[in-house]
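What follows is chain A paired twice: with chain B in the first complex and chain C in the second.
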Partner chain A sequence: MKIDPSFIWTALVQLLSAIPTTLVITAVSVTAGFVIGLITALLRIYKVPVLGQIATGYVTFIRGTPMLTHLLLIYFGLPMLLDALSAQFGWGFKSSSIPMIGFAFISFSITAGAYMAEVIRSGLLAVNRGQLEAAYSVGMTTPQALRRIVFPQALAVSLPNLSNSVIGMLHGSTLAFTVSVVEINAKAQIVASTNWKFFEAYLAAAVIFWGLTLLIERITAVIEKRINLYNRGGVA
Partner chain B sequence: MGAPFDYTYIFSYFPKLLSTLGITLLIVAGSLLVGIIIGFLIALPRLYRIPVLNTLARVYVSFFRGTPILIQLFLFYYGLPEILKLVHIDISKAPVLVFVILTYGLHTGAFMSETIRASVTAVDRGQVEAAYAMGMKGHQAFTRIVLPQALAIAVPVFSNLVIALLKDTSLAFTLGVMEMTGKAETLGALTQHFVEAYISLALIYLVVSFTLEKLLLMAERRLLRHEQPDSTGNRRFRLQRKRGYRRLVAGIESGKGGAEA
Partner chain C sequence: MIKLTHISKSFGRHQVLKQIDLTVEKGEVVVILGPSGSGKTTLLRCVNYLEKPSDGEIAIGDYRLSCKHASKKDIHQLRQKSAMVFQQYNLFKHKTALENVMEGLVVVKKLPKEEAKTRSIALLEKVGLGSKLDAYPSQLSGGQQQRVGIARALALEPEVILFDEPTSALDPELVGEVLAVIRKIAKEGITMIVVTHEMGFARDVANHVVFMDGGVIVEEGPPAELFNHPKEERTKQFLKRITPELNYSI
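And then the complex of A and B:
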């Protein structure tokens, strides 16, 4: 087996078709994760009686176990649960109608949610308490104060962490191959084994991921510059 | 799919999975060792701004942080023997575990170098100057003054790295290493009780990462005992202002978030 440099390019071109799948998985899991994370973070910050503890447990559990186990648990556990429920209540719903990528969406969203929750929570806590008090003193309600005063500042603080979460989910999307979703990694595997050129194919995949990661970092830098405008020239 | 749920299997799987915990921990320990050595090697040119090596180190870190660990695993597993064949070294007979530890080591090394770099730069410049004023030599100032303080700063990030690494080892089964995840897969396939196997697997990971976290927290407390009692608050505040460092902590904390962990 000889290294064939020209095949790297061939593989790269073939892998391009799988980029949208990877990006869709990343986008869905990050978006859903952000919503889950926001809710979880608020539940924990406001120490809502029972829900707050559940939120803490959720974050601890997810952050203490590998992402792969979440995916496998959802992949094997969810159909079992759904089929049992639909048999119980006679829904006429079959779990086999869920597309494979659906499991990836659900499981990665749950994973992203826990990580995002920590990012958002630390961002919210980083906003000075006086800001909220000032908002109350000019007569805003809590949702108003959160939306107009706290969230924008928290977003600026947590942007680097958010970008890291996005990159983490981008890299995490490679796990989707275990539930036979053809994203970049799975595609690389297919290209590699049909041509018996493993190294070249994975090198091409690595190049694509590297490029995507650098792109996300670049975009974040631009957004960060823009979002931190208000913070220019302070003393702190 | 699979046999009906039976929670007793969760308990019966514990001892079976724990028998492979050793391999998981071996991968973690081995790659940490490789990672720390590489981390230092990569961090030094960047700290002392050595011309060419500095750029190389940056590319190295960028590559390992910019590509998924899973891709890296395959890349090294298939690529390394081929590259080494060009210089007539045959390692195709080497056990898979070697490749796995090497890849995780290189991966961790990239993150480790960032941790080391940031912790060393986070130590106040005045400390080194004071050490010089006392008549210490360069290496004395480093080992006696900078290193202990940098270590204390690095521990929280280091602790996240270790836990991320532990979770990353779950990917080693893709190369056929019989660690805990691989074992759980086999147990599931054998008995068709997949869910129970994975629940049991998740619980073990949870306990192990929880224990590691607590142990490293103890280490941090011990390393920080020279600071004032309220130091954690102050320290956090200082980190908030040091943007570079905050970014870095962030980078390692959640950059190693996803699968990736």
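And then the complex of A and C:
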């Protein structure tokens, strides 16, 4: 068996068409995950009764189980739940009308939410309490203080870890192929299935993922430079 | 006028403030002295409601609040009557000197940006930082940061400004510039409560000196009286310890 370098290129070109799917899955899971993570982190930090405990349970369960398991649980569990509810309340809704990618969106958002909750929580905890007190002392309400003073600083602190989460979700999006979503990895398999040149196809996929990862790192570096302007003279 | 009535505060079972009563007239500068752990910081923080008093009543201007039944809205109202200058400055790290001063004006007082900016620049000039408008806190010396802190407090035009050891985190050579600014605004008739260990400052600037120990006000009076003729044993001992050259007869 010999490597066919030209097929790497052929595969690469064909894989390009799957990039949008991968990016959409990543973008949706990261965006929804950020919102879920922020809410979860706040519930835990403020020790909100009941909801705070639920948030903690959610984080430990999700982080304690594989991302593939989340996807499978959602894929098999959600339709059962929805169909049961639908029958109960006569919604006339069938779970089979959910597109496959929808399961990936939902499950990966849940995964990302738990990981990002921890990142955001540690970012929030890293902001000196004096900052919040200063905000109160100038008369801000808690939401104003969080939005204007605490969040921007927490975001700056969390940026490297958030970037890691984004990269993690990008790579994790390959799992979507188990529910028949054709993202980059699944596309590589399809491309190679005609001539069995799997190595070349997956190598091409690797190159694309690497490129996308470098891109995310570049973007992070640019944002970091901009928002960390105020930290000049800090340790970093 | 500020009137604290029976302010108490406990942390767990440790009662830090025991039924403090204190009245501060408009335009007065009150200096609070006392040994470490006597509750000075806690008292100031209670006035700004950064610490919730366990009991008592706080009246600032025409606003009165009974601490036991304070709602979120009441607290928010009360906080706007006072401003705090912190020992560790606590400037908003991600904002420039100018933005630090503007923040409260724009977000809380809802002033138009331009007006807030003009006012903030004037205040920063007043504290001698007209050339540092765009500097971030990390680019300023401790003394400069504290002067921004003072400008930020002044901007809100509160009924009272609370200073918690405003110079004790500073290098000795920077203390003077900050005290000079505080003296200047004291002369303008701004009501202030100042916790400090700067005895010279207390003597010159205070209208009224309060000595606290163990969560109670042990003695209070005009500075000349309290420094030269302290009545209470504990006051004498404290003054003797921090200003040995004055030689109080105990």
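We take it that the second predicted complex is superposed on the first by the 232 of 236 C-alpha atoms of A that agree within 3 Å, B and C clash if a C-alpha of one lies under 4 Å from a C-alpha of the other, contacts with A are read in each partner's own complex, and residues count from 1 in each chain.
Here, a contact is a pair of C-beta atoms (placed from the backbone, for glycine too) under 8 Å apart; a residue touches a chain by one contact, two chains touch by 3 or more.
Everything quoted here is computed from the prediction, not taken from an experiment.
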Chain A as common anchor, with chain B and chain C clashing or fitting: fit
Does chain B (first) or chain C (second) touch A:L68, or do both, or does neither? first
Return first, second, both or neither, reflecting whether A:L229 touches chain B, chain C, both chains, or no partner chain. second
When the two structures are overlaid on chain A, which partner does A:E133 contact: first (chain B), second (chain C), both, or neither? second
Just chain B (first), just chain C (second), both, or neither: which does A:G77 touch? first
Tell me which partner A:I8 touches in the superposition: chain B (first), chain C (second), both or neither. neither
Greater residue coverage of chain A in the superposed arrangement, chain B or chain C: B
Tell me which partner A:P160 touches in the superposition: chain B (first), chain C (second), both or neither. first
How many degrees apart are chain B and chain C as seen from chain A, counting from C-alpha centres and rounding to the nearest 10? 100
Applying the document's definition of touch, where does A:R148 land relative to chain B and chain C: first, second, both, or neither? second
Least Cα gap, in Å, left between chain B and chain C after the two complexes are fitted on chain A: 14
Shared chain A footprint, chain B vs chain C, residue numbers none
In the complex, chain A touches chain B at residues 1-3, 60-61, 63-70, 72-73, 76-77, 79-80, 84, 95, 108, 111-112, 115, 118-119, 126, 160-161, 164-165, 167-175, 185, 188-189, 192, 198-199, 202-203, 205-206, 209-210, 213-214, 236
Touching chain A in the complex: which residues of chain B? 1-2, 5, 62-63, 65-72, 74-75, 78-79, 82-83, 86, 163, 167-171, 181, 188, 194-195, 198-199, 201-202, 205-206, 209-210, 240-241, 246-247, 250-251, 253-261
Of all residues in chain A, those that touch chain C in their complex: 128, 130-131, 133-141, 144, 148-149, 152-153, 156, 227, 229-234
Residues on chain C engaged by chain A in the complex (per definition of touch): 48-50, 76, 79-80, 82-84, 86, 88, 90-95, 103-104, 107-109, 136-139, 152-153, 156
